[in-house]
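Letters A, B and C name the chains as they come in the text, with residue numbers starting at 1 for each one.
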Amino acid sequence: MIRHFLSTQDWSRADLDALLARAAAFKRTKAGRELAGKSVALLFFNPSMRTRTSFELGAFQLGGHAIVLAPGKDAWPIEFDTGAIMDGEAEEHVAEVARVLSRYVDLIGVRAFPKFRDWSVDREDRVINAFARHATVPVINMETITHPMQELAHILALQQHFGAPERGVDPAQVLRGKKYVLTWTYHPRPLNTAVANSALQIATRYGMDVTLLCPTPDYVLDSRYMDFARANVAANGGSLRVSHDPDEAYRGAHVVYAKSWGALPYFGRWDEEKPIRDAHRHFIVDERKMALTDHGVFSHCLPLRRNVKATDAVMDSPACIAIEEAENRLHVQKAVMAALVAQPGLAIRDW
Amino acid sequence: MIRHFLSTQDWSRADLDALLARAAAFKRTKAGRELAGKSVALLFFNPSMRTRTSFELGAFQLGGHAIVLAPGKDAWPIEFDTGAIMDGEAEEHVAEVARVLSRYVDLIGVRAFPKFRDWSVDREDRVINAFARHATVPVINMETITHPMQELAHILALQQHFGAPERGVDPAQVLRGKKYVLTWTYHPRPLNTAVANSALQIATRYGMDVTLLCPTPDYVLDSRYMDFARANVAANGGSLRVSHDPDEAYRGAHVVYAKSWGALPYFGRWDEEKPIRDAHRHFIVDERKMALTDHGVFSHCLPLRRNVKATDAVMDSPACIAIEEAENRLHVQKAVMAALVAQPGLAIRDW
Amino acid sequence: MIRHFLSTQDWSRADLDALLARAAAFKRTKAGRELAGKSVALLFFNPSMRTRTSFELGAFQLGGHAIVLAPGKDAWPIEFDTGAIMDGEAEEHVAEVARVLSRYVDLIGVRAFPKFRDWSVDREDRVINAFARHATVPVINMETITHPMQELAHILALQQHFGAPERGVDPAQVLRGKKYVLTWTYHPRPLNTAVANSALQIATRYGMDVTLLCPTPDYVLDSRYMDFARANVAANGGSLRVSHDPDEAYRGAHVVYAKSWGALPYFGRWDEEKPIRDAHRHFIVDERKMALTDHGVFSHCLPLRRNVKATDAVMDSPACIAIEEAENRLHVQKAVMAALVAQPGLAIRDW
């Protein structure tokens, strides 16, 4: 039984803590041999800068090699439906792609964003689930409708901000009770909810008091992720609430995490969502709002449109830990890759 | 005098057998140092998944490095005609590209499909032949109008299926007298004859009784490859015949190899070929036909359109060895690269 | 204080000589460990063959790894203006891209050609300067409005042609007093002046008597580079003059270096420049002109359109050292990368 890394919700807190500890170790000592002679195929159905660079580099720094593939561009377009009569554009089926790649490489990373036409389809996350079903090596989610690698990088950045291990604080407990605001921001296009879903589930997982700040109830996230968050609260303490009032939400916050996303009820009818989106440009993260927080830190998964999602002043302030979080992508992904090739099927904490 | 790997027909059976033996060894032991510090440039004028991944990975596993280039996309478009006044699209001539790359790398792989306008031009295989003429390092055919790497992977898969070395059978003899059907299948577009040409020449090279099954006499392959196949039969035993009757051809077969290709007499006038093609969708490889074989195995070079070229039932049956064949690409290419960098000019069997 | 490699003019002659000596050493001994465990991000905003291959390979041969990124294609489009309200196409700002990449890699290479609309904008070289401003690791110019790596490769080729070290000649002095012609040639499109600017500054830097041969005074290069050249002459000896008469310019030359470029006064109004360009196709480098030289060598940075910029006869003659120069790209870039990762802030000659 192969263990994939599709969602942090599939892994125990002890496993996640073990991964974060290992990532912190990789942050201190760059080189390793954990992937010596091993390889990972990175399949990008969408663009990438940080993910591509950090995975490719992480493999190299551990003695391995990453193969970067862009199906439909430099590789053949792929069919994902079971039983399809393939007389359209796709030249091969994921059943073959996943099985062949599994013969070549030791890990498969998949980035596949939603199609943005029908959320009931996109929420099934068919591309990565098809790879996970057919692959005989571990599959890693490089962002689909969640972004677990970003979650780990985010938490590591927060843990290190609020109390690095050297200060004698247990990193696994340091975030408990922090006031965390996940704020929607304006973006000219309706974006993926992946990072928002991820922020919600990982922030509640680590026991924070989470506020989901968004323009209207239509911007609340998919029930699957709201339910995960509520279950996390029940299991780990902390809290979850929704707010549509920026000032109220920012007040006293320790963490502000920003992301733009499209409102699910308007999925595929984005022209109708546009006026609502346009009316909420004031959700931008700026110095005035940050001043309401309790010495809060700001972060974002990047890429970020300056002066649209956050102002230059916020981005260039010491409170911004987005670059630290981006750097952590490298370290957490090395931890995940090392764990998955070492002992698939075992709990990661047993390394 | 550099020895390129452009066609299996340029190499002796002893050399091919030596390559296959080495590939089988690489299949058992992945890592090596045969390409330590060496490099290979992989030039893709057309998309690739298996070829790209297996060459890049093969170089890594042997201590080397592959550089992947897509001329006309991320590199400059190239002129191939000698004496051309280059005032069109091409920014540089293959004479420079091949000579410069030869200064950088130890091997050059080239994938260049036909243009599908004029077979009398395409059959000259000008792109790879120009590279071979100008390069001062060995050039490897990664599929042009033949696909020699696929040939070797195919034969290795068949040898291992019909009697692995551990069973005390001489792999070089195990295919002698097997009944081999190369069947055309439907595809919505007219495709390259490369893999069909290759199947014909390698199956006859290994002494099998070969049936070329295709819709009409117009689908018989180019005379160069039919002649190679006949010469192989004369030299190695076995036989070659053409059939247009699927049931008759499948009956008693030990191997069914499927490929779609465009009929050469219609080359460049593909609209006229379409009705014939459309009328032969029933050439699909299905369970009924496979049941006519003598416990036959099925294979395909991939990518394959499921339920167009072969049914899900066939693809997912134990008789399908296409994944094994795809895996073998890695092993045979490592054998070819290791041979070419080691001793260009020597027979491969002398390693 | 980080030292980038943006222009040869930023480095002392002693530093350049040290780099060339090290490049000559790398030409004799390919492998090294100078980049062991290190990495370089190569950002290509424009196509590349030699640059991409030689940087990627150079990193590998020194134990490092290159990550190749094409922003706007496989990575996110980037904003370069400070203070921009990013509601257009760009998804992230160079401030983040440069800082994040600096966390991942040890060096950043940037290729960014002009936009060809407004020279007053293009001449600011904003893309690479923005990277240099925000990056916390050394940035290397892989061709923007100059091409310093080509300069070093060019000089190394000339030094080795006119007197290799083994002949007891000081390579740093061997070019002094050589007659050097930089000739404009026809090309169907107006091209970047980068290599012309570079040739002018490096040829004068090494004390040659330089003639800039071009169709009309409109083709004289930007004053910044003309001024650099004149300052170099003042500091290093040699001379600089402009000619519009090919026969006169070629007569007695020791070096002919060819490049096409668009006339700056017509920048962005290229239709008006076209008739002038078209009227000067006879600037092609041919055997007749080369016969006027004093056993002159010919070179070009490549890519080169045969029989448009230079004839087949010239390209295929022993006088053509363009392939040697192209090979040298690998060696000089290894020298530059090794220098920059070793001791940023130190003079290169102090290694």
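Here is the rule we go by: a residue touches a chain if its C-beta (ideal position, glycine included) is under 8 Å from a C-beta of that chain, and two chains touch if they have at least 3 such contacts.
Here is each chain with its UniProt name: A, B, C = N-acetylornithine carbamoyltransferase.
No experiment lies behind these values; they were computed from the predicted model shown.
Undergrad: Going by the touch rule set out above, what shape does the chain contact graph take here: line, ring, star, complete or other?
TA: Basically all the chains touch each other, so complete.
Undergrad: For chain B versus chain C, which are copies of one sequence, does the interface use mostly the same residue numbers on each side, meaning over half shared, or is it different?
TA: Result for this pair: different.
Undergrad: What whole-number Å value describes the gap between the mean CA coordinates of chain B and chain C?
TA: Once rounded, the distance between the two centres reads 41 Å.
Undergrad: Hunt down the residues of chain B that sit against at least two other chains at once, touch-wise.
TA: Each of 73 in chain B touches at least two other chains.
Undergrad: Show which residues of chain C lie in contact with chain A when the two form their complex.
TA: The touching residues are 37, 39, 41, 65, 67, 69, 71, 73-76, 79, 83-87, 90-93, 95-97, 99-101, 103-105.
Undergrad: Help me check something: in the complex, which residues belonging to chain C touch chain B?
TA: 30-31, 44, 47-50, 52-54, 56-57, 60-61, 70, 73, 188, 302-308, 312, 315-316, 322-323, 326-327, 330
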